[in-house]
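One chain, chain A, appears in both complexes that follow, with chain B as partner in the first and chain C in the second.
After this line comes the complex of A and B, so read on.
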């Protein structure tokens, strides 16, 4: 073991960790924004609204993230029509391809988590809203969605940590995230043990930060919880 | 005997036989994504110049060999931990690799060359490359050249294998690529590569390709002897002629 390589290369690993952090946060934001309408459509009483979210969730949960990344990065670029559209300025960049794929992927999971949370709200609370004469819109905005958010937090925190680890696959499309950077350094130093250990420790630190963040959120949203 | 004991006995048997196999055989690793040197053919088997050379050497050594596929960037670490015994995968003999492993004498020579689209000009001087996006495979001589010499003027993109470099050339994400000259020779003739061409002349032509083995492995001497034997008896020329109309030694 030659630990001096870590001292030499840790600034580059930190650069990679910064990219990883961006991937997780940005795709997470996309995920939450898209998951709300997705989950609502999924539980809509109008059956025709159920179909699109069901198909979407079926596809994104049922195929490997790696395949989804390849399909978006290498697959879409094969079509001239994509290369000539305005979308190409984003799809050209591995960075945006990774964020889009991770975002779409996590949307499917968050939508399911959110659906479960909404459906787990005690019946009495929903009935209380109705008795108050709230419109459906107000009921969701003021009561159900905030309640569901509190209920889903632990599962959602879990999903964010999973995405942190899933983001390592972005290194397969030339992105220098933490894993990509580690592999590029190893290509030169041939010291996989040392560099991967260093990268692993950085992943642990990042996930520890996320866990702390979700703990704070949990205390905020669920302060009235009894157990 | 109850079924758990049977299962245990079976597992032990499989383990023992696979360990015995590992003892007798020389395991040779190649990448399988570097046509025409090593690739997976239509029957799903490893084939190419490297594989032919490996088989010819094994025949000369009268050894029982097994050629296995291994991802490029994990190859040297895997050799060091004895996942296999030799790498015949068009690996250039470099200073940095020599610190980790040993090499036989070279079995062919190569050089680097730029690739680009036929309908676009690519000035390969340092000034001309300013601001361009240039790709290469990670952990190759080309990739290292790019990082060492051009990283300050171009955007460097490193790929897991050469085929991914080609895909991004076609997609237009790359203005150009640096690659070993010989493997791309084949691709440029193929349908996929028809809109691309070499840009400028080959450079870094002192590139010698050898077989990597662990340090102080007696296999090195055996392989060198076999290499000399296939050079002398014409086997090498036959294999060479199968892939290139000129000598690549």
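After this line comes the complex of A and C, so read on.
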């Protein structure tokens, strides 16, 4: 084993790690933003609202992320309408395709986590809101959603770690994230063990950082909670 | 048309890929369950270094992408294997087949998560049962195989089922090292027909079908594993009804 290649190439691995971080954070933001309406529609009492989220969640949880990435990056170019629209300048870039796919993918999972969290809120709190004369909108905005975010935080942290691992698949559509960068370096140096282990250690460090971040967030957000 | 050429013979190729996907899922599940049981025993061990080993295994698996593990096993194993073989006087070139490398990589991942499932299941069994078995003079090994393991299956089954569903989707990763499973076959069909959306959507629907079948099977087994609980409940209801 020749460990000096790591010393030589770690700045490039750091570059890749930076791309990986961008993928995780941006797709995470997309995921949360889309998951809120999705989860609300999913628990709606009107049955016709449930159908779309259910189908969406079924599709994105039942198929491999790799297929979803290929479907968006390679698949959409099959249609001329897409190629001629203004969206094409984003959809031809592997970077945006990866972020969009990871975002849509994690939306399905976050929506399910959020649904579970909303349903875990004790009935009494909803009743208390009604007694206070709150409108449904105020009730969700002031009481239920903040409460649900507190409840879902640990599960959401796990989901972010899973997305960190999933973001490695972006390297299959030529994006130079941490895994992609490692592959490029190996193609030049032919030292797979050293570089993959170095990349693995970086992934571990990033995942520990995320865990720490969510622990701190959990303490801040849930310090008032008694149970 | 979107669905022209659906039955041009690529569909047969895709079905063959599907069979390979199922094969690799089953093989990796077996490897993963063995590793999971080992990992759980290690994490509950009384010896500290063994416990550290178990903790380290789970920590590493949870933080490193599956794709990286697949690459590491497939490209990184050659030198290690050749080193071991050279100690026995064998100096030819050795390489793992994509199937074996994939089974090892996904088995390792499955094992890391299964460790946690099994550990929870072992802890869910009342310690009084082990004490009772000890009082009856059963050996440690016997207690494990006769008392603990049969119950652990039952408790662990829902968790393991979820892991199997995750694993089945992760098998798509092995396409990147050239194993001709569903995703790889689909990419080949795409190269030939230049209809990426049609074929990847077909593959997605096939994966969905596999997921549905697996879910139904797992539900069946879960129900079956709880069949012993039912008579008790029925008696309880009868007693309550008087």
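Everything below uses one rule, namely that the second predicted complex is superposed on the first by the 224 of 227 C-alpha atoms of A that agree within 3 Å, B and C clash if a C-alpha of one lies under 4 Å from a C-alpha of the other, contacts with A are read in each partner's own complex, and residues count from 1 in each chain.
Here is the rule we use: a residue touches a chain if its C-beta (ideal position, glycine included) is under 8 Å from a C-beta of that chain, and two chains touch if they have at least 3 such contacts.
Being a predicted model, the structure only gives us computed values, none of them experimental.
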First, second, both or neither for A:183, with chain B first and chain C second: both
First (chain B), second (chain C), both or neither touched by A:192: both
Chain C versus chain B, contacts on chain A by residue: C
Which of chain B and chain C A:92 touches, first, second, both or neither: first
Partner chain in contact with A:148 - chain B first, chain C second, else both or neither: neither
Which superposed partner A:68 touches (first chain B, second chain C, both, neither): second
Contacts of A:78 with chain B and chain C, given as first, second, both or neither: both
Which superposed partner A:174 touches (first chain B, second chain C, both, neither): first
Shared contact residues on chain A - chain B and chain C: 74, 77-78, 172, 183, 186, 192
Chain B to chain A touching residues, read off their complex: 73-74, 76-77, 96-97, 99-100, 135, 138-139, 143-144, 147, 157-160, 164, 167-168, 170-173
Chain A to chain C touching residues, read off their complex: 58-59, 62-68, 70-71, 74-79, 161, 164-169, 171-172, 179, 182-183, 186, 192-193, 196-197, 199-200, 203-204, 206-208
In the complex with chain B, residue positions of chain A that touch it: 74, 77-78, 83, 92, 94, 172, 174, 183-184, 186-188, 190, 192
List of chain C residues in touch with chain A within their complex: 59-60, 62-69, 71-72, 75-76, 79-80, 169-173, 175-176, 183, 186-187, 190, 194-198, 200-201, 203-204, 207-208, 211-212
